[in-house]
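Before anything else, here's the structure in question.
Note that the chains take the letters A, B, C, D, E, F, G and H in the order they are written out, and that residue 1 is the start of every chain.
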Amino acid sequence: MSVTEEFTLDFARSERIGLEEAIFCAGKSPEQIDAILEAARGRGASLLLTRLDPEKRDRLKALSAEVDAGSAQERASQQRSAAARLDYCPVSRTAVFGDAPRVTGPARVAVVAAGTSDVPVAREALRVLAYAGRAASLFADVGVAGLWRLTTRIEEIRAHPVVIVAAGMDAALPSVVGGLVAGAVIAVPTSVGYGVAAGGRAALDAVLASCAPGITVVNIDNGYGAACAALRLLHAAGRLAAETER
Amino acid sequence: MSVTEEFTLDFARSERIGLEEAIFCAGKSPEQIDAILEAARGRGASLLLTRLDPEKRDRLKALSAEVDAGSAQERASQQRSAAARLDYCPVSRTAVFGDAPRVTGPARVAVVAAGTSDVPVAREALRVLAYAGRAASLFADVGVAGLWRLTTRIEEIRAHPVVIVAAGMDAALPSVVGGLVAGAVIAVPTSVGYGVAAGGRAALDAVLASCAPGITVVNIDNGYGAACAALRLLHAAGRLAAETER
Amino acid sequence: MSVTEEFTLDFARSERIGLEEAIFCAGKSPEQIDAILEAARGRGASLLLTRLDPEKRDRLKALSAEVDAGSAQERASQQRSAAARLDYCPVSRTAVFGDAPRVTGPARVAVVAAGTSDVPVAREALRVLAYAGRAASLFADVGVAGLWRLTTRIEEIRAHPVVIVAAGMDAALPSVVGGLVAGAVIAVPTSVGYGVAAGGRAALDAVLASCAPGITVVNIDNGYGAACAALRLLHAAGRLAAETER
Amino acid sequence: MSVTEEFTLDFARSERIGLEEAIFCAGKSPEQIDAILEAARGRGASLLLTRLDPEKRDRLKALSAEVDAGSAQERASQQRSAAARLDYCPVSRTAVFGDAPRVTGPARVAVVAAGTSDVPVAREALRVLAYAGRAASLFADVGVAGLWRLTTRIEEIRAHPVVIVAAGMDAALPSVVGGLVAGAVIAVPTSVGYGVAAGGRAALDAVLASCAPGITVVNIDNGYGAACAALRLLHAAGRLAAETER
Amino acid sequence: MSVTEEFTLDFARSERIGLEEAIFCAGKSPEQIDAILEAARGRGASLLLTRLDPEKRDRLKALSAEVDAGSAQERASQQRSAAARLDYCPVSRTAVFGDAPRVTGPARVAVVAAGTSDVPVAREALRVLAYAGRAASLFADVGVAGLWRLTTRIEEIRAHPVVIVAAGMDAALPSVVGGLVAGAVIAVPTSVGYGVAAGGRAALDAVLASCAPGITVVNIDNGYGAACAALRLLHAAGRLAAETER
Amino acid sequence: MSVTEEFTLDFARSERIGLEEAIFCAGKSPEQIDAILEAARGRGASLLLTRLDPEKRDRLKALSAEVDAGSAQERASQQRSAAARLDYCPVSRTAVFGDAPRVTGPARVAVVAAGTSDVPVAREALRVLAYAGRAASLFADVGVAGLWRLTTRIEEIRAHPVVIVAAGMDAALPSVVGGLVAGAVIAVPTSVGYGVAAGGRAALDAVLASCAPGITVVNIDNGYGAACAALRLLHAAGRLAAETER
Amino acid sequence: MSVTEEFTLDFARSERIGLEEAIFCAGKSPEQIDAILEAARGRGASLLLTRLDPEKRDRLKALSAEVDAGSAQERASQQRSAAARLDYCPVSRTAVFGDAPRVTGPARVAVVAAGTSDVPVAREALRVLAYAGRAASLFADVGVAGLWRLTTRIEEIRAHPVVIVAAGMDAALPSVVGGLVAGAVIAVPTSVGYGVAAGGRAALDAVLASCAPGITVVNIDNGYGAACAALRLLHAAGRLAAETER
Amino acid sequence: MSVTEEFTLDFARSERIGLEEAIFCAGKSPEQIDAILEAARGRGASLLLTRLDPEKRDRLKALSAEVDAGSAQERASQQRSAAARLDYCPVSRTAVFGDAPRVTGPARVAVVAAGTSDVPVAREALRVLAYAGRAASLFADVGVAGLWRLTTRIEEIRAHPVVIVAAGMDAALPSVVGGLVAGAVIAVPTSVGYGVAAGGRAALDAVLASCAPGITVVNIDNGYGAACAALRLLHAAGRLAAETER
């Protein structure tokens, strides 16, 4: 059985639900990812890759059919050029294969990171939004242990109708933000912390149990999912605006 | 210490975040709830009450100051009239005290219940939306074990930019819906089920781990929270529409 | 074997660790509690009882040896007088048997309840402090969903060197308080809430994982333990003050 | 004590329950596995090995008695030939020692993998079925996020009386398949995913709580067990067919 | 909104997957169940009801449209006749509404209960099999603490190609049975036990982790699901037998 | 199917493993228990019953065949006499049916209860030991919060070669005892406590993780099991003594 | 986006709550830590770093702006001098950057480690106290399995008004200490142990459920938090002493 | 602070409780272990070390005071001789430092390993027993999936008054053994397995919930503890025999 039988790309996803398929690399072998990229290349499609560790990125074969031919030097050069076609971000472990759309328009989404350690998750969200052509703003290290860090920036945050909040440990920030802004709040619990906080379950449960009403939640460390939720929301808002106009 | 020192109503909440304060009755004594209703009556405010069990509803004292005076017959009559002022729904255990706004406009929110047992949670969401003046549609018993029940109604569901999906047991429905609609999807896991499903943790984890991108989640059985999230979203959409117009 | 062999009162506890023994009634039969009260009466000692449900309180026999003698009317009267000797608080389910010391001095402990539903736990703490002769202040319903409720009272709270914070659900309040006051902060997670919050584990984990440094924690719903911790602290402070003076 | 006292091969298992013993290598040392293979060689038996990591495979000694004799070159050659006698599949981490039966007859078992990351578990099942001489078909990457991927292949799947479904994350696929096919459905939850999905408990609970009736479940990542369950089932079917004929 | 909008009966289920829809009553109100029975009566369909507590059964309204008319005596009589149409078993909490098929043919399924306390779950399985017209045999109280109880009956059990084993506490019985019979083994962990066994998770994990290969598992206390799994299996066997004949 | 098919008494257990069969009543219906007692009566055997709630005890039918005949008064009298044949202890919820052996010899087992609330579990152990004819001593309320309560009695405890320690909450007592006595220590964690201690898992884990070497553990609240373990141990000791003598 | 936007140092924390900000290094990249140190250096501030693994420490860039210039030898020398400015303790994985205050006054805090394996956590607490200028005493390996080790040192421990107790496994020590000293007791459960003790949850639950009253708890392995709690307490005591004086 | 302050050896343990202190090496640094060995050498004591990984063993410094002096060659030679004084077993990760007593007398303890993967835990128990001078017998790979492996050896096992059973996965073996032998049964759940069996909690819960009466349990993988429990038991038996003789 060939590795190409092991995946079925969902190129119609964007038309169906407004979101491009993304390749979750954590459970896939380099061979599988290579075959997927090859299939995308064959269709001239671009792809977003998530959870691509640097080690796995380095093990991806070059993407052109000719890469096995030629000298070692040529192969190395081809590999470099293939790697270059992957716009890779090691902090968020995301990669864009092929051309991404230009980011345009004002930032409608605020991505807030409670602590410096939550930045990788926040960046994953920012990268996914950018891949969809959406501008967004980052607000980092504004956790509630020093409330002034939040209150001095809350007006700026409030200016965005959608707010993503990445927070680990006790994840108290989404509750406080949810009590201060009227827009949509999407909480991303993170696995930052140790002891009872290790793995992020404490943060997850805290945001699910939030005393601030109407906060929604995605899986632990799921910056990708938070961004997709924001995109769905902007999509819904667009439809509503269009209907109102008529 | 008087019971009136035990609460601080947040009447400014609506101005701040666009959501009225609601009274979560599960952990409160009838005395506390009575005092809260009295305080609202004093301001001429209406209130939404959630998780009000029939037994506790029946133990609420009449709300007028005069109720302790007069004959037993008069008191009973006063209690009835006070009860009448509570628009109570035993299925969703919600009550509206005072006047609720009229529901207007087209239904922007679809509330989907996977099974008949998930209807109480769905109804809580519908009641909260109605209290906020928002129309919504119910789609019940469309779980994936009989996929035709969903597929025959998916076009109707898709017509709503926001979809709330209440599902217990394996909670597979939100994933399937999320793969079929482009709008915002808010999943409410329910505690319906037994064995590993008891309490709703299995349903919660399933929707958090959903393979469909961009699904957001609220706490188990939290129809109230799902409705609030939908209201935040409609608020955000309204702002975006206003900005686009300009 | 007699029921009097089933307990060994620790009357020396106060001398040893500065805290009187309290009787935890949840796991004890009315017969056992009656025998314990009788033993205390025999020594002329007073006792604090915690987790005494109203039903169990009503099942306690009268405390004098003569109660079984006499007419039904006499017995009823004796029972009432015995009951009167139990200063019972149904909200906190605590009772004081015998004489409690007078509360004196300024309030050194602030007891903060995040929501109205957290008041029973807060009251347990207040009752224990009062039994030890310590004044304390209650601040109720100041949860972070409406941050102004906290900020308008934070100066008052800050005036107390020891702050007990009872909070359920996401228990975000102790973190925010911990970032605003310099004194000792003792968090009591409560079992208020449903879904992931049911039982209080989410609140417990949140306060243990708090991003605010130096917050200490006691068991879920353990208002008694929080008060004892405050008493230990005041004891330690007294020793330090005495040493400094010298 | 010798290593040969540490195992007792169950060569009669096949006669007793129709399934050959397999060697679970995860908890065994290379020395133990070597001794087991040697014992099997001594009886001329073949063996199936599961959960044999590539590193451990490489540490197995050569299997012939003569391997310690001779030059380094000879030993290396002997090791290669021994390794060759292990038909090893690194994706499923399974190995067949000795001769496996020829696979014959039509495919009675469909092995369905929800995502590309679930393929290793699916392959383990396929390898075990092949070792028992049973043909089977693989259907990969047909998860419910893109329902068309499943619906376009459901007729093919339905043609198999037994369906194994390997799925991680929310494991919604077995429920949907269970609502569409009349045959036996064996779900294998996988540990694919992160956050609440990590380790596979969310997937396991989802399939146990499935709203589709009559789905059976095996341990997380247990492709071996799913295949054995299918073999038991085919065995039972064979008996029933034989009885019916008579 | 009417209660009839709250369910969508799946009368085509039997044609699609060979299993009739059953009504899970645990999460449904008597009003909902009444409406479902009325709908079935309207189509002349029979229905299986599971998890119907005696209290809820007693609260079901009579099923004929005329029941509200007439004298109290008439209504009581009608209720009795309606109740009579529900073939109710309080041990297994199952009911059959309308006509069930006759049970025919030899018993192909052995239902084994480890202890006397596991009998209610075993009976639920037996009732579901009977509703589908399938004969089955019960073997009760054959747990491994007295191994002779099992070994004296193992030949009888082995004569059935499908074996359902209900076991709580440590659930060691399915492993032992699985090592002794070649047929399909479906384990139903039960919630029998206390301490670590309470709720059935220990039994569930034990059967999932069974050292005997090819045992399949259903949810805790899910006698219904085990029977459905057996029915799927007999269906698959029937197809295989038919194909072999040709 | 008759209720008598639902159990298989293991009258040979005592010969096989030295322990009489006991009837665990928690999961059994009064009908089942009645049938079991009838079967024992038929053989002239005595029986030990555990976890028999007072309510269930009251629902047991009289045990003689004639009980249904005669007047109401006669039946009541018969029931009383039957009840009298059950030596019932409501604290430990145990009952002895028929004749129990006389307790003889010196006490070899010390049963230690950390707190007064742990006494019911301790008493269950004492009752089981007495049913087997073994003397034992109770030491109650010697928990470590007041270490003097333990140290003043440790010499007495040490005089018993086997020590059972029942403790809930933090279950620190078995560790301290284990560091002070050389005999066998069997810890029984109890479900006494609330918050993290509720259900007894905290106590269980504490004793399993004990820093004192060689402490053994039984299930939560399992006084019966602890006594059986002590009996096994005394049996083993008897054998060793016999072998030594020869 | 620059790495300097990823943090917001809270230099006012000390004035606000009496505790300096500390840098939790576990979730931060070396780049982030370098930038934070650079920012502190720019303000002439000192900083405490926690959870700094030796590997990460070694990857920190030199801290002077000139370090990239010059020869390899110069750079190495600069790195050494920079490293020298980090007072690093590999056992507790803490580092002090810049000047720490001199430790003065008598030891008010006893830091007790139940076992030798708990010493790293105890040392973290000692280092944090020293950074705050507070003297403290260590008592190591005084666990309850050998009670004499505690009792011979209890008077010394009692001389400190604040006692921090680090204990893993069953964490019985804090309960015993809490029963013997009158001062404040702060328990730090540690992750020392295996099986049920692994990760420290058993120790955590034991101390939360302690039978000794008024023990407070911090997160697993959180020596830093225990020290901060002690500092808050000493701060509160200072205020009380000052008020008393007046 | 010196590393020698970090431990307090309990050389009186043997006199107090009949068990020598053992050094649990998992949480200790090589420096700490070296210091402990040095202290034992100073007293001429021997020591048992558990959970000593091969890597850590290799990092132990030589034990003589002179080891730092002399040439590299001398130091290496000294290290070898020191290592030689550690009788190390890599399978069980135990080491004996100094002289161990001679094993004498007949084997009173049977150590049974359910599968080959459970042998390391069984060997730890055997090593601890040998260190205490007690003979014991190993029975390996007799798990219940092939019941004949157990039944052919049960008479041999039964000849030992104390039986330790190490079993992972579903841990069904202790229940079956407990139903067949009259002696003391000590179950050691092991962490062998994957999915729900990973970590050993499933095996632990199964043995705690065992349907066979009187089985005692120690922590997961705790072969050391099982052996100590056996030693306590043999100690108790010795006392009983001595008393009987008199």
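Brief remarks on what is shown
Definition applied: contacts are C-beta pairs under 8 Å (C-beta built on N, C-alpha and C of every residue); 3 or more make two chains touch, one makes a residue touch a chain.
Treat the numbers as computed from the prediction; the structure is a model and nothing was measured.
Think of each touching pair as a link: the shortest run of links from chain D to chain F has 2 of them. Under the contact definition stated at the top, the chains bordering both chain B and chain G are A, C.
Using CA-based centroids throughout, the chain positioned farthest away from chain H is B.
The chain pair A-B and the chain pair C-F differ in C-beta contact count, and the higher one is A-B.
Note: centroid distance chain D to chain H, computed from Cα atoms, is 35 Å. The distance from the centre of chain E to the centre of chain H, each centre being the mean of the chain's C-alpha atoms, comes to 47 Å.
In chain H, the residues that touch at least two other chains are 16, 115, 145-146, 178-180, 193, 195-197, 201, 204, 208-209, 212-213, 219-220. By the definition given earlier, chain contacts exist for A-B, A-C, A-D, A-G, B-C, B-D, B-E, C-F, C-G, D-E, D-H, E-F, E-H, F-G, F-H, G-H. Interface of chain A with chain G (complex): residues 91, 113, 115-119, 138, 140-142, 145-146, 148-149, 168, 192-198. Every residue of chain C that touches chain F in the complex is listed here, in rising order: 1, 5-8, 10, 12-13, 16, 21, 24, 26-29, 32, 36, 51, 189, 191, 199-201, 204, 219-222.
Of all residues in chain G, only 114-115, 143-147, 169-172, 175-176, 178-180, 193, 195-197, 201-213 touch chain F in the complex they form. Those residues of chain D whose C-beta lies close enough to touch chain E in the complex are 16-19, 22, 108, 161-162, 178-186, 204, 208-209, 212-220, 224-225, 227-241, 244-245.
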